[in-house]
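Consider the two complexes below, in which chain A is the common component and chain B and chain C are the respective partners.
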Partner chain A sequence: MLLRLPILLSLAFGLLLLLAPLALDDWRLSQLAQLLTYGIFALSLSFIWGQVGILCFGQAIFFGTGAYVMALVTLGKLPWLGESQILGLLLATLAAGGVAFILGLFLFGGRGITGAHLAVVTLCAAVVIEIATGRWGFVGGYNGLRGVPPLTTPWPRDDIYLSGLETYFLIFAVLAAVYFLLLWLTRTPFGTLLAAIRSNEERTRFLGFDVTMAKLFAFFLSGMVAGLAGGLFAAQFGFVSPQLIGFALSTEVLIWVAVGGRGVLLAAVAGALLVRWGEDQLSDQIGQYWLLATGLLFIVIVVIAPRGLFGRILDLSPHRKS
Partner chain B sequence: MTVSSALLEVEDITKRFGGIVALDGLNLTLKPGELRCILGPNGCGKTTLFNVLTGAFKPTSGRVRFRGEVISGKGPVAISRRGISRKFQVPGIFPDLTAQQNIALPMAAASRKPTVRTLVRRAPDPARLAELLDFAGLSDKADMLASDLAHGEKQRLEVAMLLAVDADLLLLDEPTAGMSKGETASIAALIRKLTSDFGKTVLVIEHDMQFVRALDCPITVMARGAVIAGGTYDEVRSNPQVIECYLGRAA
Partner chain C sequence: MDIVVLIGLDAFSYVLTLLLVTLGLVIIYGMMNVINMAHGELFMLGAYTVATLLASGVPFWICLLAAPIVVGLAGLLVEEFVIRHVYGRPIDTILATWGLSIAIKQMIIIVFGPAAVSIANPVPGSVNLMGVDYPAYRLVIMALAAALALATYLVIYRSTTGLQIRAVISNRAMAGSLGVNTRRMDRATFAVGSALAGVAGAIMSPMISVDPQMGVGFLIPAFLSVLVGGLNSLIGAVIGAGTIGGTTSILSANMAQADAQIIVFLLAIMIIRFVPQGLWKGFR
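Let's look at the complex of A and B:
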């Protein structure tokens, strides 16, 4: 049964991540946990780009917003809110969703813009927001914010900080939850509507659907997921800076998702893990050439394998060829 | 006000584009459940008529009534919500969706004012979905991507999509464009079913005489933006005005 192979491979991928702690020391495990956070970030872009067809060149705006909000809350910079991590993550998610919603109003409202125009506008937005963040003293300017507290348990115990293993499984659980939520959504009639918009927006409108509203909702959701990833990242990394909100990271996540396979959610996660892991492994040895290598890899994949490295083998959708 | 028994009444419609008169005082009436074919050479105003009926163009003068209500001047969305649906010459299917999804989508649209919430919660009625797939002859290809279907299958899929919208009046613009002879015959049978089995009112634009003959329905012949003749296939074929229009003036 060839059709079942992607399901087996997807399960194997999940199992591999679940068993990874057995083979990795604490430091490597924390690195992998960070990669999983990037995986959640990649899911957000894969959803909006691969499912709805909106090529967003500013996805880091939402990731960075989440990271900054998490840092501000847990560092006590917003004293009236308290310093709760759970509240921090919640606000990170909502704030990023809010930013996406407002940006989406400008992108999709009125006659709306699509394709390359939308990519350019979101790219510009990322650059502007990165520069603005770097000049805003309250959020630490170019230096960013240091000392963001690591993840803790919400209930009291001797050592409230999560161990490396606990952090890993927490991030894994969040990744799995987001993945299944988005996967489920793509399987509902709403998911079909999003796919139809990707396929032919004008025709979908003629059928009587409110395409603008559907895109806005999807963008909002994608922003929330990216913000959640950003919030988790801030706590894991302990440091936020304008690079997290800007153009470079936006391009990077685009490369991960394209390399993995934008049309399939899990493939995007695998792409994020592979490219980031490769970067960690190889940047020591080949230094700056790594960037060149990533760029070349990106071009080669876009040209010869538009579905990405894993887009075919992890494709769970029910359709079949004749 | 008298209640008319007609579903669609086109009253003295004129459409000018600058100096060009595309429709010149055209009149047409369709009864509910009627299948009618509009025949005419290229450039006679057939497609302009459809554009006026669906609200893509506003007529320069004249009125269109649908179920007695004046709809000329309303926008495409308002008109489609009232129950008029159109099939374009180019297949309007979604190539990246499966055959089944292609039918499920207009079914969801037919539920009037679909929202994110209703779309997430309500799956399309499986019985109706199966019925429409069967109608299109695509039951065993439900999970195939529409882009992988043969040309004739795509056309049948689109006719099923029209049916799924649950419109009362279906406008078909050259449904057989680009089809082989065998495909043409099967699509004619399918269109006849739209009226006989589903009670739809269907208006077909066509210039392929073979197909018009296979449809076996009343014909309205257009030329230069106006109706010049009407009747059955045989009547129309022997009408001197029609012959002149198709073959040019006899010297």
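Let's look at the complex of A and C:
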């Protein structure tokens, strides 16, 4: 019975999110929908960090790329593409995946770099891209792009804009789809290979697996997920700015995932919801203390509880008999 | 000609202050494989120590002496409560010290508020040097930074303590079995590394904006210097700080600062990617 507790809790967590609209007014619901978008973003980092063991300090590069591509497409800044939202989301996902692929080639190709070098290089890449975005007039420079249209229905009807409830369920569905896809992936032989890379990269390489390709594909996938989250975020928030693509958000998502529990996908989502919710709900004055508490909690988790707050209770992997 | 002298002086003063921050990082990394993301916040603590003491009427030069002591003590606390628990887990040191950097930054915001504090220039006026008028205090900064860097070098390469430090760096187990108290060494190294960051912050405080975000602005260039020069080597730190600081100053004189930063960071990323041992060891 005890073994099945994580499954029950995971289902309860899903059910809670599904029933949340019953208890929340429109404003709070749209807030929660945004948090779910951050949850998708957290999934992307949890996958690359928790499953493959690549500590990426620049995950917001992909989120921001997605957000900017979505904004550019739906604002009609790329006229030859039309202004379709579906196309925008698709391109946001692919563009972020492309950026991740190129960055991945650079990081893992040849002899590759790992550990601290990789962390610092991705961190610097995020800083460079943030500054460059702020200097680039076409994407709005420091002011970013305003007035990104909210989500609409793809088919015609009276009011084409999605209501708060519809938006919420759309984001929830995307989150669930991404979650189950990644969860399924970790159960395939490919997922086992990724876990092997996480626990000992060199040994996996010696066993004859193409570690570089596997890491590259995982990074590409993680980038796509982050880009999709970014695209959804741009439409929900209506505004993109260089902060979305840079250093600060990259480190924030790292904290959400670590606090939740990096090794378990759903725990990372829960971490993102909890930390962001605290930041949004508390007023400025107490908010400062919340950030302080988050920083301290983060230290404690890294030092003594690497599985995070929810890592143990939401762990779905079959228990080994030891 | 004047402009060349001016840029040269600017570059030199930036390199020297960057070197102070970098030296602390290199010593801490070399000694205990700890990548200290909170180093920028220790730098900031040095500057805020000066600001606080100045406000209560302490003369600037005394503040300058107090800063390394205060920040060194802070370093001791940090070592005791956080760092020593993550020895041997390099990736976790990055994360734990990153959490620390957030916590310190938030504490400063809560205590001092988010706005910048200004610190009066203790040595106003300028000196005529090779045909250009140069701010006198910048020359003081250069002299202090150079003296401190030299002192660090002498301690590490010419003193018994330095010998022990180098012994621990090259083979911890062997040094321990030969009677070096490695635990005490770790503590001392972390405190000294922190104190170096603190004194750098204190020295720089009259020239830059002292605000809760100032740490990151110094952390990233310092990190790049460490990795570009090569971890684990003091000479590497000099080369790294020279490369990063020199290029930044020279480029900033010719273009917008943001563009200069982009170029320097890209250059650094290339070096780190293709010569991960750093310039000092990579090309020998």
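We take it that the second predicted complex is superposed on the first by the 314 of 322 C-alpha atoms of A that agree within 3 Å, B and C clash if a C-alpha of one lies under 4 Å from a C-alpha of the other, contacts with A are read in each partner's own complex, and residues count from 1 in each chain.
As a working rule, contacts are C-beta pairs under 8 Å (C-beta built on N, C-alpha and C of every residue); 3 or more make two chains touch, one makes a residue touch a chain.
Quantities reported herein were computed from a predicted structural model and do not represent experimental measurements.
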Clash or fit, chain B versus chain C on superposed chain A: fit
Partner chain in contact with A:A173 - chain B first, chain C second, else both or neither: neither
Superposed arrangement, angle subtended at the Cα centre of chain A by chain B and chain C, nearest 10 degrees: 80
Which superposed partner A:V121 touches (first chain B, second chain C, both, neither): second
Which of chain B and chain C A:I299 touches, first, second, both or neither: second
Contacts of A:F106 with chain B and chain C, given as first, second, both or neither: second
Touched partner set for A:I160, first chain B, second chain C, both or neither: neither
Most chain A residues touched (candidates chain B, chain C): C
Smallest separation of CA atoms, chain C relative to chain B, angstrom: 16
Common interface residues of chain A - those touching chain B in one complex and chain C in the other: none
Complex contact set, residues of chain C against chain A: 35, 82, 85-86, 90-92, 94-96, 98-103, 105-107, 109-110, 216, 220, 223-224, 227, 256, 258-259, 261-262, 265-266, 268-269, 272-273, 276
Contact set on chain A toward chain C in their complex: 55, 106-107, 111, 113, 115-117, 119-121, 123-125, 127-128, 131-132, 134-135, 247, 251, 254-255, 258, 288-289, 291-292, 294-299, 302-304, 306
Interfacial residue positions of chain B with respect to chain A in the complex: 76-77, 80-81, 92, 94-98, 101, 104-106, 108-109, 114-116, 119-120, 122-124, 141, 143-145, 148, 165
Of chain A, residues touching chain B in the complex: 185, 188-190, 192-193, 195-196, 198-200, 203-210, 213-214, 217, 318-322
